[in-house]
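All remarks here apply to the structure that follows.
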Amino acid sequence: MSASAKPIANTRSGTGIPTARLITWWVIASEIVIFGGLLASYIMHRIGHPEWAESASHTLTWAGALNTFVLLTSSLCAVLAHKAADAHDGPKAAKLLRLTALGGLIFLCIKGYEWTLDIREGFVLSSGGFWSFYYTLAGLHGLHVLAGMIIMLIVAADAAKNQELQRVECIGLYWHFVDIVWIFLFPLLYIAR
Amino acid sequence: MTTEVHHAEPGIFRKYFFSTDHKMIAMQYLFTGMAMALIGGFFAYVFRMQLGFPNQQVPGYGIVTPGRYNALVTMHGSIMIFWVAMPVLIAAFGNFLIPLMVGCDDMAFPRINRLSYQIFLLSALVLLASFLVKGGPFGGAWTAYPPLSAVGAYNLTPIGATLWLLAVALEFIAFLLGGINFTVTTMNSRAPGMKMYDIPLVVWMIVLASIIFMCSAGPLIAGAVMLLFDQTMSTGFYDPTRGGDPLLWQHLFWFFGHPEVYVVLLPAMGIVAEVVAVFARKKVFGYKTVLYTTWAVGFLSFVVWAHHQFVAGIDPRMANIFSITTLLISVPITEMVFLYIATLYGGSIHLDTPMLWALAFIAEFMIGGVTGIFLGSSGTDIYLHDTYFVIAHFHYTFVPIAIIAVYAGITFWYPKMFGRMLNETLGKIHFWGTVIPFNVIFIPLFITGTAGDQRRVYSYAQFAEQSRPALQHLRTTSTVALLVMLAFQFVFLFNFFRSVRSGTSAGANPWRSTTLEWTVPSPPPHGNFAEMPTVYRGPYEYGLPGRADDFLPQNVPD
Amino acid sequence: MTTEAHVQHPNYVKIWAILVALLIVSLIGSMSHIRAVLLIAAFGVAVVKAYLVAKNFMHVNVEKRWVPYLLIVCLLFIFIFFAGVSPDVMKHSGLHWTNPSADQPAQPGAAAKHE
Amino acid sequence: MLERYSTAASTYAHWIDYQFLLIAVLVGFWLIVAEAVMFWLIFKFRAKDGRPTQYITGEEKQYTKWITIPHVLVILCDLVIIVPAIMVWYNIKQVMPAADETVRVIAQQWAWSFQQAGPDGVMDTADDVRTVGELHVKVNSTYHFELMSRDVVHSFAIPAFRLKQDALPGRTITGWFRPNRVGTYDIQCTQMCGLGHGLMAGRIIVETPQAHAAWLMHNSSPAVAGQQAIPALPTDASSTMAEVRR
């Protein structure tokens, strides 16, 4: 982990973008096509099956909205952490990152509660096209939230020691991307009828 | 300083299995790929024996039943593309060459690099595990069209199908990690002075291939998740009776599957460019034009995918669009091949083994290219689709890519990898023993294809027109040629492993080449460069007028 | 190697407030039963929100030019995919083909035959 | 050219054969030229002592024209190929000549079954003729086929007719053919459809109108139709299946 173990390759910056941020951008690009492929498949099915609107009306809009709010707020924490990192204030950045991770946790809890209600009503992964996409899309997104939280806590642990501060911005970028995905999932899964 | 951490000599296990050194990871990919190639080649041997000599005991295997035949062809296809071509062409050469050629000490993210290999190894093991499960390995063709692949009651290999899908998904993740690492390293970690157009073509092409892979694999990863749920959680993504659509998978698959062709083609093209330049002692003809054509190919490869589906039940009007784009993509590829041929003009060509392979690549790949026109033009594809004509066509592209170009690369960089030369005589024997039988295998298949032999059929006994003796003779010829070709591969293996110990020592720059990897000792030490190089010029400065030496390395000041 | 402040940090709390406001707008819009209003409230607002996050939180506006282009190209590929596939999957009939089963109500029981 | 390898028994078989010939001639010419130039260069510029290599970047006009001119010609050939290619496709897959007869083709693991109107000439009536693995058609009359699948993706291919169309479960895909030559030809399944894919063979028998009428007469009697009710698998296939599963 120690910075001295880094190869020279990692410290160069031919593009003017630090390697850490550059790889983050590429990861985000590859995530765009993964989510994009799934969303495109969902959208063309959804337009082709107007009757899915009936299933969609069973989703809990308030839960989705609440989750959107939670993610937006956690994104705010993430970007404030980036600001703190730019000011070389590692401990503050770490605190804000942990807040962001907490936001992710709340998001997952709400989602878990929401899914329990759905399943109680008998809507499971295999009960029709809409629900299959509903659980797959939200599930894939949820996995990204979970992964983001774990990485974020690791980054926070380093940042608290004023180490690897550049990572604070990168995990933030990733988190904002996850946020944006949800910004589109919310109307697609909850509002559109 | 970097070298500090490397000095402590790690234990064997750490050194060979948990090394983060790009050269070691390259070797891991190379040898895993070679091992898988042996397996895939064995499968080819088994099902060609069944086709050449129907319903007889295959030595070393036994009777080939229909179920086993399907599994064999499926696994041959999957393994040769995903576990041989990709790891060797992109991962092995990419890992070994990129840091050396752009003049840095390692990948930008060595531990991500190691992780990518470990995931890849896991994927290979998962695939091989599917041979041990109940029902045996998946037999629904490497395209895995649902509902056949989605429903155990249809494919009769429920566990094998799921394992196959898992293996492919893992393999994709491995190459996403690897590819992103290659891209970042090349973009950010170049030696001072190495500008965009000073990067050797092979690095360019491996990076572009990684990017194409990244952009095309995403939707299929999503599709794989859907198919996995169809298999295991009885969802209906591809089930027409439950609001799904089997065509969606076909589109997702080929939206990845066609760019995939160029993902493996480009690195091969890059290797050939390097080899041709060195052994013709010539600058690559129109370096920039080659790059522009590569970008054009990369982009166009995303708009042609449905030419694999002309008769698959897509709306016939769409076929016209994809037919046009398909002919369009032949334009930059032709240009690229012409430029390679033009590179020979005015050179002084040394026909060492690597050069033989490289020239063979161009000569054979052209055949593969032109036969693609028959399939890309929708009219004739109605008849030729899913016949042996298709098989012959894409083997005339994939064998030059994954066999011939790979041999060009291995024989060319072997001195750098192991510090010793391969045996030239054995090399030439192996070359002719591979290239001649290769043509004898697949030219007959063009004919059986035009005669209507359909693919993935274990015996033509049921089909009166196909079981004509004339056609059976052609199949037997092809099988015999395959046996010869496979036999000659042992010459290579012998040469390869013998020379590691007893080859004549190579020295830093045996081919008198200009790129940076030849400025370091062979094999390169940890950290590659004693002091980090600076680059002053492009990669192919051969035969500069008014110089004693006919080559000018990139790192030599004027 | 830290990221020397390459951005002027705007007032993030203000932007966050705008985002929350937009969220409320989309919720109110979703009550409406006029399809057009609903869709604009849902997706128009989503696009604006995404733009705000990308611009102010991810700083793509001050990032190297090619980065936003890269992301846009990835999106473009998805649009190409959609354009190529929707004629078959989104529509349920076309030239000389129909997809009757897609128009029938889904059969949840169909899972049974798969076991 | 194709006819040397596979008999042509339908009207549009020749269109495809001509297209194939056209492509073969054009790309064959360019392939030979390119290979010849390449091997000539290899021979001409083989390493000789005392002959230095020429320093050519590939940006000089006098050299690039040797790439550009042939390349433009290749593009022209592409156009010459693509236009008729699309015309052939258009006439086979997009245009539907009026039907004299209609036949329903149902694919399933691993057999072809066919349904056509009986003597009354109306589909879905008591006297419909249902057959398995064997399709009887009249020569010189245009047939529309309605293609569907019971389980997985199959592909309905008659090499002699140059006919190929995948059958997708859930979809009904319509196509046409017009046999113009009496005889018996193979029906293949060309899409991997599982264990019995290699056994999924059928026969199409093209008969004279009289013979066809007689055949219809004989087979449309309910008794026979009953005998020919579709079994799960054709007997030859099922027996092989059993031995395979063992």
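A few notes on this one:
Labels A, B, C and D are assigned to the chains in the order they are written; within every chain, residues are numbered from 1.
We take it that contacts are C-beta pairs under 8 Å (C-beta built on N, C-alpha and C of every residue); 3 or more make two chains touch, one makes a residue touch a chain.
Since the structure is predicted, the reported quantities are computational estimates derived from the model, not experimental observations.
Listed by label, the chains that touch chain A and also chain C are B. Set against one another, B-C and B-D show the most C-beta pairs in contact at B-D.
Distance from the chain A centre to the chain D centre is 48 Å, each centre being the mean of its Cα atoms. Note on chain placement: the centre of chain B and the centre of chain C lie 35 Å apart, centres being C-alpha means. Work out the mean CA point of chain B and of chain D, and you get 30 Å between them.
Chain C and chain D have centres, each the mean of its CA atoms, that are 41 Å apart.
In chain B, the residues that reach two or more other chains under the touch definition are 151, 215-216, 219, 234, 236, 240-243, 245, 247-248, 313, 316-317. Residue positions 93-94, 169-171, 173 of chain D are each in touch with at least two other chains. Residues of chain A in contact with at least two other chains: 15, 17-18, 29-30, 32-33, 36-37, 40-41, 45, 49, 126, 128-129.
Chain-to-chain contact here is organised irregularly, matching neither a line nor a ring nor a star, and falling short of all pairs touching.
By the contact rule set out at the top, the touching chain pairs are A-B, A-C, B-C, B-D, C-D. Chain A makes touch with chain B in their complex at residues 4-10, 12-15, 17-19, 22-23, 26-27, 29-38, 40-41, 45, 49, 52, 125-126, 128-129, 132, 136, 140. On chain B, the positions that touch chain A within their shared complex are 1-2, 4-5, 99, 104-110, 112, 176, 180-181, 183-185, 187-190, 214-223, 225-226, 229, 233-237, 242-245, 248, 252, 527, 532. Every residue of chain A that touches chain C in the complex is listed here, in rising order: 11, 15-18, 20-21, 25, 28-30, 32-33, 36-37, 39-41, 43-45, 47-49, 51, 61, 65, 68-69, 72-73, 75-76, 78-80, 83, 85-88, 126-129, 165-166, 169, 172-173, 176-177, 179-180, 183-184, 186-187, 190-193. Only residues 73-74, 77-78, 80-81, 84-85, 87-89, 91, 94-97, 99, 101-102, 104, 106-108, 110-111, 113-115 of chain C touch chain B when the two sit together in their complex.
Per the touch definition, chain D reaches chain B in the complex via residues 2, 5-7, 15-16, 19-20, 23-24, 27-28, 30-31, 34-35, 37-39, 41-42, 45-48, 51-59, 63-64, 66-67, 70-71, 74-75, 78, 81-82, 84-90, 92-94, 109, 151-153, 155, 157, 159-160, 162-171, 173, 184-186, 188-201, 203, 236, 240, 244.
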